[in-house]
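For reference, the structures are reproduced in the following blocks.
Shared between the two complexes below is chain A, which pairs with chain B and chain C, respectively.
Right, the complex of A and B next:
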């Protein structure tokens, strides 16, 4: 079903992506991620010694600070911090540096829809820039369900407000395996078919949700290709400079 | 207590309580192999739930909900306010969730718990987006006066599944809510009517009425560990297993919300099982 979106995109088309790493010189790792007009800056400091009070000292600890573009820090920011913290805890290998804290600071530069997925992508790229060991990358997309039942990807802020429901989904990135098929499977399915995080707002039927998952899965493959190209390109640049 | 010569032998030499504290994950895994949990619940069963309506006599609506040991007290106070210009026919609901230090040894006075603002926001998102309450019912005089409902939820005992219990107590409090009788006085202001016979002014709403609840949302929190799904975790289970999923469905089986912050990768088949 053809749907008219205001900026002329098709249902499954993502906005233009741009990502740059190592933009802040004092931080151990930093990245800026933009999807269309939504722009997020992430900085990583760590690992630092010591963990926070109620955290397990046998594992590394991740601390997230979310800074909104304007206004005071309130409940939405705390919720984003918790979601980001849990997502990144499942992506990083926590047993490598026990009893340390890694701080990730996320600064919203502009919010035009799909803010949390952009922040998750930016934070992952910043972690790669800082050299924190990770199991795989987390790739985040946002899917919206409209009243008439169709699903669109990567909405702008206006589209998000008009929609009946939306879901932020985070998947592990797709794997180009050097080993033959049969490695890296979780419960009989390839690891890339799992979900790391899912946050939904608004009412949708269960079938709509599974449809969103499929669409999100397909989009995450495209996003992971973009990430792979971006990381390979920048690593060859820095090796030329060095 | 014997010395730990080999990790396997430790379980026979150490007392059960000490083993539970020192190696909680292994303690749970031994139970999960038998498909049972330490409190003798099968994996898919939730704890006993009780709801008491009208726990706070001075509030317009209140409820005390308990799921196992997790206890939440919800109370609603109504106040008249002027509606905003964009929505002159709608009232407003303000939801706040508090975790006082009584609820858990982790919460200290002065420092708000980390979970409190997150649960508050998730709760307000769920209640407002589920369409359970039609805000137009809270309107009194279009454009001039409307009800503002302040819903406060206090956690009295935090033993896992905080969001479930909070949602249950909020819904119960709304079902118990009675909107008080008010009338318009000469200055054009709304005042509370004392008794039926005394006032000679026309009351705006005739009698205390209850609010209509459509599509009540229900939620269930589960933790995932390897390929076991445990429904309705206690605080101990939540703290050792890192993946928590909360699914909220309403009475017409529509998915209101599915929150799965982080944790291990969940395959599609498990997602279907949970919902």
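Right, the complex of A and C next:
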């Protein structure tokens, strides 16, 4: 089914991605991520001593602060903070630095659709920049289901508003491992087929949802490649900057 | 409680003495001379009214939005200008999220005084229907990175955002002419704000030994200095505001010296802001021209056939 999107992309085409690491001087780690016009800035401070009152002191704790572009902090921001916190807790290795708090601050610079996935990607990059130990990266995409049944990836804000339903999906990134083939599989399937987080808005059929998962997984492979290239390139650059 | 205190950053005694001794020979630790300003870079986002200013290592983002509200009772013919300062915990490990602390409030007040009380922004042109509808301009300043001298950077960010902001055009309509119709940007081109002059804030730091004076202190110097003063002047030589809250006392001649320095720096900074805004406006005009030829009307008709 040929679909005409306003900016001329095909159904499964992502917007141009751009990211840079280590842009802030005071933060321990920082990254800026932009997908098309959506731009998010993330900064990491940590690990800091002590955990909050209700948290388990035998593990590291993650604190997320979401700063919207303008206006007061309300319920949607609190929800984003909670989703980010739970996603990143499953990605970071929490047993390495017990009784510490790592703070991640996300600042929305511009919102043009797919805001939460961009924030998750930016937060992961910032954690890598800060050197926080992680099991793997989290790669997030947004899939929408239209009223006529077709699925598109990475919508702009206008497209998101017109759609029947959309889902934010977070997958682990693809693994290049030195270990033998079979050892990283979980119950016979490779790790990257798993899904870390899924947030849906609107109503969609079960088949549509599974189709979204497939498309999302394929897109996450492309995103993982982009992340890998970007991180490897910048790690050689920073050694020159000294 | 103890955990938080353990995380606050403090300069060691050796660092402090090094900074003070270097200043005696008129050397600053980042290589500048005492009256040299750091490099300013002003960038704009895609939307109208969003700016990002980098002053050395300090980074501030400014965002301007507008809303139609009822005016204040005692000023029915004037628009409303309000400034919100966010000291994001991103900028400094000691900034806490939640309610703004004293520094944030002071910064907001200094920028506010420079803009509102010197009548830099024309609030009377924001009135649509006297007593009923006026534009309320809201400036959000987000401090992203604290490299020292947040006031100056925040002021420049606020000015840059105000100069590139466009408010929607609106007209009076309805049966009795009492309704306000706001035209969307696609139908009628939005209007810029009327800014009469640009008040630039310039900050100085005073050090105890032999009343040494530096301009634009970094955050290391801010931890060592004995007092600070912020003067808001414009390129015409008018003083819009002076803020010196406590700290050590300085003789009158030092204040005069500061004011003279500030006036000369304000001229160059004003020019820099205006040049950056010019570039943004040209780009914006070019983007508007490019929008129209993308209508692929012919292709759609072919598909339907």
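Simple rule for what comes next: the second predicted complex is superposed on the first by the 242 of 242 C-alpha atoms of A that agree within 3 Å, B and C clash if a C-alpha of one lies under 4 Å from a C-alpha of the other, contacts with A are read in each partner's own complex, and residues count from 1 in each chain.
We adopt the following convention: contacts are C-beta pairs under 8 Å (C-beta built on N, C-alpha and C of every residue); 3 or more make two chains touch, one makes a residue touch a chain.
Just so it is clear, the structure is predicted and the values come from calculations on it, not from any experiment.
Chemist: Taking chain A as the common reference, can chain B and chain C both be placed on it without clashing, or not? Answer clash or fit.
Modeler: They fit: once the shared chain is superposed, the two partners occupy separate space.
Chemist: Could you work out the angle between chain B and chain C as seen from chain A, using CA centres and rounding to the nearest 10 degrees?
Modeler: Here the answer is 100 degrees.
Chemist: I want to verify the contact counts: of chain B and chain C, which reaches more residues of chain A?
Modeler: The partner with more contacted residues on chain A is B.
Chemist: Return first, second, both or neither, reflecting whether A:45 touches chain B, chain C, both chains, or no partner chain.
Modeler: Only chain C is touched by A:45; chain B is not.
Chemist: Quick check on the superposed pair: does A:229 touch chain B, chain C, both, or neither? Answer first, second, both or neither.
Modeler: neither
Chemist: What is the contact status of A:27 with respect to chain B (first) and chain C (second): first, second, both, or neither?
Modeler: Second partner only.
Chemist: With both complexes superposed on chain A, which partner does A:70 reach: first (chain B), second (chain C), both or neither?
Modeler: second
Chemist: Between chain B and chain C, whom does A:105 touch in the aligned arrangement: first, second, both, or neither?
Modeler: In the superposition, A:105 touches chain C alone.
Chemist: If we overlay the two complexes on their shared chain A, which of chain B and chain C does A:78 touch? Say first, second, both or neither.
Modeler: The first partner, chain B, only.
Chemist: Which value, in Å, gives the least CA distance between chain B and chain C in the superposed three-chain arrangement?
Modeler: Once the two complexes are overlaid, chain B and chain C approach no closer than 12 Å between C-alpha atoms.
Chemist: If you lay the two complexes on top of each other, which residues of chain A touch chain B in one and chain C in the other?
Modeler: Correct list for chain A: none, the interfaces share no residue.
Chemist: State the interface residues of chain B toward chain A in the complex, per the touch definition above.
Modeler: Going through chain B, the ones touching chain A are 106, 114-115, 117-118, 120-122, 125, 129-131, 227, 242-243, 250, 253-272, 275.
Chemist: Quick one: in the complex, what on chain C touches chain A?
Modeler: Those in contact with chain A are residues 2-4, 6-7, 45-47, 50, 52, 57, 59, 61, 63, 65, 86, 88-93, 97, 138, 140, 142, 144-147, 300, 303.
Chemist: Please output the residues of chain A touching chain C within their complex, sorted ascending.
Modeler: Against chain C, chain A makes touches at 2, 4, 24-27, 30, 37, 39, 41, 43, 45, 48-50, 65, 67, 69-70, 101, 103, 105, 107, 109-110.
Chemist: Chain B touches which residues of chain A in the complex?
Modeler: 54, 74-76, 78-79, 82-83, 85-90, 165, 167, 172, 186-189, 191, 193-206, 208-210, 213
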